[in-house]
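What follows is a set of structures to go through.
There are two complexes below, and they share subunit A, which is joined by subunit B in the first and by subunit C in the second.
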Partner chain A sequence: MSIEVYRIDDRLVHGQVVVGWGQPLALRFIVLVDDAIVQSDWERELYRMGTPPEMDLFVESVESCALRLPEFDSRADPGLLVAPDVATMARLCSMAPGIRQVNVGGIHHVAGRVPRLPYVFLSPAEEAGLRALAATGVAISAQDVPGADAVPLDDLLARDGS
Partner chain B sequence: MSERVGPRAIVAGHGDFGVAMVDVVRRITGDANALRAVSGQGLDAGGIERAIRAAAEELGAHVVFTDLPAGSCTTAARRVARETPGLVVVTGASVPMLLDYLLGEGTGVEALQRAAERARDAILVFGGREGRDVH
Partner chain C sequence: MTASVPPLPLRTRLLILARLLTLQGSYNYETMVGNGIAFAMEPALRLLPGGRGGDAYRAAMARESRYFNAHPYMAAMAVGALARAELALEDPGRIERFRTAACGPLGGVGDRLVWAGWLPLCSLLALLCFGLGASPGAVVATFLLLYNAGHVALRVWALDAGWRSGLACGPALGRPVFRNGPAILARAGAVVGGAAIPLVVAGASGARLPGVVVIGAVGAAGAVALAASGGRVPGWRAALLFLLLAAVAALVV
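For the complex of A and B:
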């Protein structure tokens, strides 16, 4: 089964991930990729306590995750990988070329970003990052929960979500 | 910070959860001034944290009630509580829990544990194929 979803979501492990995706996909593990969180015992424990008991949580840096991806992909149960932003996912994809699909699940409003969907706001640099990632052959779409329509990257970037 | 005496609480969660909970308490008791609702809708993790911190400081809150243990409001509230002495986070909030906390004695952890127990006791399952109630 291995990792079924590679997700960009600035909220990381939260309700949409553990319930929205976790229930229908019967997820049994989550890989959280964040170079800052991996360095903090308290932050790691914060996310561990928010993860349902039936799921394993692995907190990794980009580098350690790239090294461990074959191990995660060899698991018999389904998992989800989540990174906080476009740059982190792009770095991971450059170190782990086996990643062929990326789900944009939640990039929320901060100054400098424009709305594309109610749950996706992108800066020009992030849009360029997504286009560059797509140019390497990675299929990118936006979808917050499984029941919603997936929005392909070209369509996403053409939208005015305001 | 508020001059109000007695328990003061933030209710935070997905969508309009907090607003709805505060509205229900107001309809039942006639007074929900001890509560503030915070929604995570449309905010990133930092934005939710800032919203909860601002509401907690303005109200002088003792506790942040949230919906899901794994929710982004819970994560944010725990970060705020880490930097706010005395502030407690309680997950799985319900109407019975809020009512017991607001109308009962005390404001601290003991009062919250009592409210959580009352909320657990309020979960009942009626009916079923045999027509028997299951408690």
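For the complex of A and C:
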């Protein structure tokens, strides 16, 4: 087992993660990677309260996560790692070359982003970040829930959001 | 900067609750239910200095209309918490961080409790009524009364919990009903489903008592096999297989 999904999702620990992915994959732990949340007691508490009791939640910075990744990968039960944005996941991948697949699960609308899928809005910088990550050999696809079709990066960036 | 928070008048609270019932109507891919959050909170924002249309009111409405995505029933907690924060003139940066952080936990808790627990249980209870011979009207009424009682109660509690605790409402999500409730509802659903499905299949196929017993026995055997598999077999596939076997058995018997 170990970490089965490396996901970019700005909602972090939410229903699609704990129910949509959590139930079919029988997830038993979630690694939340966010440099700001790791320093905020009330935010860590909020995410812990939103995590089902049968799952462990680890809140890590990028650096601490890269150091602990072998430990997470050696667990006997399946887990999911989630980062809030492309830049965070790219930094983690650069420090942990063992990550070979990344799932884009939810990047939502803010000014400057354009829709690629109903649940993926990307800025030009984020698109460049995803291309750079793919160039290092990481397979990237968009997929919100396990039952949906995975959209490869090239297809994703060619879409207009409809 | 924070200020003392005025009490929330009953009329304002009722207006917010009524508007929360429309939350899902605001759904869109760009801001999700952000517009609905602002619309639901608006009666409370009229209490800001300057009143309706004042600078504080307009700034708060703009802030609260931004992207927000959570379970539509649990969003009531965010509305209560954010209304209190706005009336306390809380730092907008802290409000924004709360809005970002609240989406996931309120979505995760609500999805597990309602979509994966309460809704299937109410559906199965209505199915059980049908299997026991209730009229179609009684079946529909059973479902609507049960389901709506649950989600209205959840919204009322969530709004109050959010308002009482403000941005520090996170620990309220640690209550046993949220931690253990989904698992209890899932088990209750399995029990009710186990009783309802044989009765419904028997009724639909015209099977008599022996057929009902066979259907129940096949279902029980399936449940034992599923438990013995230790979760290696996806539940929905196994359920469909055993349902098919039970239906065939009922027709043969």
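The definition used in the following text is that the second predicted complex is superposed on the first by the 161 of 162 C-alpha atoms of A that agree within 3 Å, B and C clash if a C-alpha of one lies under 4 Å from a C-alpha of the other, contacts with A are read in each partner's own complex, and residues count from 1 in each chain.
Note that in this section a contact is a pair of C-beta atoms (placed from the backbone, for glycine too) under 8 Å apart; a residue touches a chain by one contact, two chains touch by 3 or more.
Just so it is clear, the structure is predicted and the values come from calculations on it, not from any experiment.
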| item | value |
| --- | --- |
| Superposition on subunit A - do subunit B and subunit C clash or fit | clash |
| Partner chain in contact with A:135 - subunit B first, subunit C second, else both or neither | neither |
| Subunit B versus subunit C as contact partner of A:18, first or second or both or neither | both |
| In the superposition, subunit B vs subunit C on subunit A residues touched | C |
| Partner chain(s) touched by A:53 [first = subunit B, second = subunit C, both, neither] | second |
| Clash with subunit B (superposed arrangement) - responsible stretch of subunit C out of 42-50, 132-140 or 240-248 | 42-50 |
| Residues of subunit A that lie at the interface with subunit B and also at the interface with subunit C | 10-15, 17-19, 42, 46-47, 49-52, 108-110, 118-119 |
| Contact footprint of subunit A on subunit C as seen in their complex | 29-32, 67, 69-71, 97, 100-112, 115-116, 167-168, 170-174, 178-180, 182-183, 231, 234 |
| In the complex with subunit B, residue positions of subunit A that touch it | 10-15, 17-19, 42, 46-47, 49-52, 107-110, 118-119 |
| Contact footprint of subunit A on subunit B as seen in their complex | 14, 42-47, 67-72, 74-75, 78-79, 82 |
| Subunit C contact footprint on subunit A (complex, rising order) | 10-19, 23-24, 26, 37, 40, 42-43, 45-47, 49-54, 108-110, 115, 118-119, 121 |
